[in-house]
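Two complexes, one shared chain (chain A), two partners (chain B, chain C).
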Partner chain A sequence: MWALRNSGCLCAAWSWGRSRLARGTAGGRQTDQNPEWQLEEQKLLPQKKVTMELLDHLERLALVDFRNWEGVERLEKAIQFADQLHEVNTEGIEPMDSVLEDRCLYLREDNITEGNCTKELLQNASQTADEYFESPPDSLQKAAFCKLRCSFFAGENLVTGNIPLPKLEEHESFLQDSN
Partner chain B sequence: MHTNYMLFLLFFSVAPWRPVVGLEIHAQINSNSKIFSGSQVQFIAPPNSLVSFFDASLPGTLPVLNRRCVEAAVMTGLALSCSINKKSLFDRKHYFYADLPAGYQITQQRLPIAVNGNLSYTFCVGAKQSQLVTKNVRIKRIQLEQDSGKSLHNDARSQTLIDLNRAEGQLRVDANVSVHHPGEPYGVRTEVKNINSLRFLAKAVDYEIQRQIEELENGGTILNETRTFDYKLGCTIPMRDKEGKQDYRFMPEPNLPPLILYDAKSLPANIGDQQVVNIDWIQERLPDLPSVKRVRLVEQYGILPEHSFTLLNEDGLMEFFEDVVRETQMNPKKVIGWVISELLGHLKQYDLTVKESPVNSLSLADLLNLLERRVISSSAAKQVLKELCKGEGKTPLQMVKEKQLELIQNQSELDQICQAVMERHQEEVMEIKAGNRKVLNKLIGLVQRATERRADPILVKQILEKKLSQ
Partner chain C sequence: MLRAALREVSTALKEGRVSPTELCQRCLSLIKTTKFLNAYITVTEDTALRQAEESEKRYRRGQSLGDLDGIPVAVKDNFSTAGIETTCASNMLKGYIPPYNATVVQKLLDQGAVLIGKTNLDEFAMGSGSTDGIFGPVRNPWSYSRQYKEKCGQNSRLENEDSSWLIAGGSSGGSAAAVSSFTCFAALGSDTGGSTRNPAAHCGVVGLKPTYGLVSRHGLIPLVNSMDVPGILTRCVDDAATVLGVLAGHDPKDSTTVQDPFNPFELPSVIDVSKFCIGIPKEYHIPGLSSETLAVWSKAADLFENAGARVIEVSLPHTCYSIVCYHVLCTAEVASNMARFDGLEYGHRSNIDKSTESMYAATRREGFNDVVRGRILSGNYFLLKQNYEKYFIKAQKVRRLIANDFVNVFNSGVDVLLTPTTLRDAVPYVEFIKEDNRTRSAQDDIFTQAANMSGLPAVSIPTALSEKGLPIGLQFVGHAFQELQLLTVAKWFEKQAKFPILQLQEMLDHADALSHQKISLFS
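On to the complex of A and B.
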């Protein structure tokens, strides 16, 4: 989860990354005193407004909770933070999707080497029935997943617990507040 | 006035509809262990007994790709004339469901292992099922992916039980259907799930095409939704509640580097054999594809093309047929009739596979040899085969002796019987001598009855004709 600090730190982190690329192995220095390229703070992209649909969508997809304006504000700042990536000129550069791309994908021989640990696996589950994991029926699964949701606004510490999905009216009210 | 009215009616004809059908086929790979873990693949096993820590998505576990699964995917791609992607990537497809403990499934969304293939298939049409029609279907992509677990619903107890063994449905299919007018862009598609057989697949697709056409002709719209096939009612019903389109948030699987495949030209020097999957090596070891086998059967044995289809469509039938041909003197063109019409007919009646046949290829060959040597008649042979298929374990010869089906070969014995029949049916003899040859068959029939069908009809005919000409 993102503990969001102010964006000044972002610039430092950015130029540090660039210098490592330029020099290969860096000898322990955290920041480059002479960065080749620097993000201009004034050029920060305007904040994108978060719509109700987007909030709803994100809450269902990622099981996070934006229940008040602080959470929404953090979300908007997070989007702004990520949007800075658009400032980088990537013309003619192949996207890298994994730092492992120059590694060999290890292939395993088709032998049976694991399994047969039903007891061990089931001991972690809160509800089991005859060697099956037990889960609530489909109709109640949404409610069950709410137990896994975590709060997006609690600052340094993550709060997890039974956080039900908000009703539409609740959303409307605090979105209006944040304006 | 009349002419204008006619033209007006013509403009009312509805433009034809063209359906588009895409099938998503899930086929389980025949391997000893799972695609990303070393736990066993087995169809029936106690719940959660074939599950490793990775399969249960316990934190800290990582996927390790099974080489055999890669080879299987390459083989499938080559057999379906696909382009094999020498570099393919793994992704995570995220959604929440009780049988998906990780919250995502590892799949190959961006760049699958094989693309752009095709499959040629032939089927029999026409009144006698003897006309062959060949069609071609495009294979868009072949990708490796994880299977989800199995959930069992016990509605009475409001219980859902999860078994993470996987390896249950060996072949599953979902159908995607849309309709459009030729020349216009494709229509909105729906996905139909819960199809459990080829017959139901045809029904589901037909129903969905009709439903969409009717909906559109009545001015409605088609929703991009998932529907389930109700096999009892023979219709499709919307499945998911209105959540809108599923957003799977595909992202690259960070724990798996790209999968690189090699061929003879690009074999790397520094990587061990075990780590290298060589496409050319696999191509060389592909068994003969069905189309090649069918051509060979027709050329080698002189059988009809539609017979070659039957031989390949039944598991083990081709080998059975070739074994019989090898052991008998009978012409393969005659053997095929015995294998397909007679034997296969009995097997279907008892719902047996070729491997379960109570009559093995040697037995059938023995029987056909008896027929070839004229020890028994054709109808006797059919009778014996029918009895043998009951599985009492007797040999053809034993059965023949038991039922006293041997043809009477003794010339003088036959002569006597024919003479006796002729004497008892003077009227018919007169008719034949007068020129009515058809009555001869009646005499032959009478001889057969007198000998309990143990007279060789060809011999009988010869004897009768000789006597009649005297």
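On to the complex of A and C.
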């Protein structure tokens, strides 16, 4: 008869998920009722991970915004969850990019097999001009304008220091909350 | 006829007992009756009927293209389909019409299959419930089954309907619900962390995730390139083998498909399991596993043992870190993959056009839901210069340990692993949405994502009904590229399990009642 014993192995990951049932969602700063989880939290979150500078930096890199405090909470929880990885001893272990690492990567012949589909491709863009995708008119126009067609513009740096992300009404308020 | 397996209906088509057009019309009409399941995003009625007509001509000429000729199939809405809107259930791609077919879609069409529609999913396939897409949640057909209604003892079911219906699982919930509710004979899903097997288990159908590298991803809108695999949903194991035979093989357009020749196979009709060694990974017995699923799993192990198979307990020691590792690698690849959606070349484009960057940012703000944005942001965090080693490389190292666990177990003589697919049977929608998407995925992918991390083939087989009358699925995991062996064991098990057929009459009555009341749930 097959008697399956209860393995303790998944407790760490599991209690994390389960204990969230007991946690409030808004703010996420209240003390947890679950003693087992408190220990985990102390272990995993010795200090606050996410600074306002970091949030700003991430928004610029990702070109999406956190929108509200819950978005920031979501990131903090994702980091907490990921921190469990540090319990694993990976000394001398090589990182694994792909399960096919021991096989030769296939390269096809450098022949043109399809093409002449400019019209079809442009149909899915909401704004075009002649045979080009059209970006909003600004100083970076040339670089973005020619995204597909004109690789010789690649020399122009698309990344500038100051990306004018649309400001959020909530942005101000969660800045204050965190101070 | 609609309840038949693909093989059976294929025979009926060949013998002329039913025509492709008739079959197509019946499926289309059932799709209309079951519209409230929300399994389909797009129903391709006109092209389907045209394809069926073509198929009919071929049959009349005696030139059928094979087992799939004239068979209605559905495709998850994250596979590109030429001329047919492909949305990924996201505002970002609403209205997007791909100029080409995904290789797997093309292969189905080349075999004469009739594409009946595009199925619902979680936005960009990120989720485990099929609840997080812009077209609304998929309803599990079993919510309306006689089996569930009887067990729940609801007499006043119509009143309670809106609170008691169950999630279909995800993210390929639309495909699973479509196959389960008899509106098509096979469907394509995608499987990154369990997205084919999870809904298959909840909807009582077979869900196969082939070995990474066996089936082309060209045209599958990518989530996690190193783990994504097209999945196959069917009503029985033989059908899954048939569809795999059509889809598998090297594709010059996907350099991650292997070049080894693939020989389509038919599964043996008489199977001797005594020559197989079945491994039971002890780490898969965890506190959250429901007692009934545990009982079904134990019973399945007994079944193999009693039939003379060698059944041994094995250890995959890094199992507990697998879901954490998956979480890091998944978000990191998502962050990189989602960078392509900028509003310029295709998809949604915001009206804000102060500058290119503000247009990018506004487009992405309007186009992605919270789940997608959350994964992009955490992925970017793990990929920051100061975090790259600490999280991303660390996760890649843990991934090797997880993959090695499987290698060690298989090297020790185990042929196939037997595990649960999900922790428990499907939960009502109202329960499911009480927790956020990431927590849900961490729980629901717990048994499935390790096969993606290690690239191994895995299949979920509907096994038994729970106390509530809902499907419980078990998962078999095999050696890489050994689908024949995996599905042979699965077929033997399927035969023993005798999983009951979904009793739909209740659902159709429900649909009738709704249409009489002129209620349109999803308009």
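FYI, the second predicted complex is superposed on the first by the 90 of 179 C-alpha atoms of A that agree within 3 Å, B and C clash if a C-alpha of one lies under 4 Å from a C-alpha of the other, contacts with A are read in each partner's own complex, and residues count from 1 in each chain.
We adopt the following convention: contacts are C-beta pairs under 8 Å (C-beta built on N, C-alpha and C of every residue); 3 or more make two chains touch, one makes a residue touch a chain.
These figures come from a predicted structure and were not determined experimentally.
Novice: Can A:Ser98 be said to touch chain B (first), chain C (second), both, or neither?
Specialist: A:Ser98: touches chain B and chain C.
Novice: Would you mind checking which one, chain B or chain C, touches more residues on chain A?
Specialist: Result: the larger residue contact count on chain A belongs to C.
Novice: Report for A:Phe133: first if it touches chain B alone, second if chain C alone, otherwise both or neither.
Specialist: After superposing on A, A:Phe133 lies in contact with both chain B and chain C.
Novice: Quick one: is A:Asp110 in contact with chain B, with chain C, with both, or with neither? Answer first, second, both or neither.
Specialist: first
Novice: In the overlaid three-chain picture, which partner chain does A:Leu63 touch, first (chain B) or second (chain C), both, or neither?
Specialist: A:Leu63: touches chain B and chain C.
Novice: Touching A:Lys77, do we find chain B (first), chain C (second), both, or neither?
Specialist: second
Novice: For A:Thr90, using the defined touch cut-off, is the partner it touches chain B, chain C, both, or neither? Pick first, second, both or neither.
Specialist: A:Thr90: touches chain C, not chain B.
Novice: Please work out whether A:Leu121 is in contact with chain B alone, chain C alone, both, or neither, and reply first, second, both or neither.
Specialist: After superposition on chain A, A:Leu121 lies in contact with both partners, chain B and chain C.
Novice: Which chain A residues come up in both lists, the one for chain B and the one for chain C?
Specialist: 57, 61, 63, 97-98, 100, 103, 105-108, 117, 121, 124, 133, 135-138, 140-141
Novice: Would you pull the chain A residues touching chain C in the complex into a rising list?
Specialist: 1-7, 9-14, 16-18, 20-21, 54, 57-59, 61-67, 70-71, 74-75, 77-79, 81-82, 84-88, 90, 93-100, 103, 105-108, 117, 120-121, 123-127, 133, 135-141, 144, 147-148, 163-166
Novice: Looking at the complex, which residues from chain A come into contact with chain B?
Specialist: 57, 60-61, 63, 97-98, 100-118, 121-122, 124, 129-138, 140-141, 145
Novice: Flag every residue of chain C that touches chain A in the complex, lowest number first.
Specialist: Going by the criterion above, the answer is residues 96-97, 99, 212-213, 226, 250, 252, 255-259, 280, 282-288, 294, 297-298, 301-302, 305, 311, 317-321, 323-325, 327-328, 331, 335, 339, 342-347, 349, 352-362, 364-365, 368, 370, 373-374, 376-378, 380-382, 384, 391, 393-401, 403, 435-436, 438-439, 442-443, 446, 454-455, 480.
Novice: So in the complex, which bits of chain B are touching chain A?
Specialist: 31-33, 37-40, 46-54, 56, 58, 64-70, 89, 94, 96-98, 151-153, 155, 158-164, 243-244, 247, 249, 252, 254, 256-260, 271, 274-275, 277
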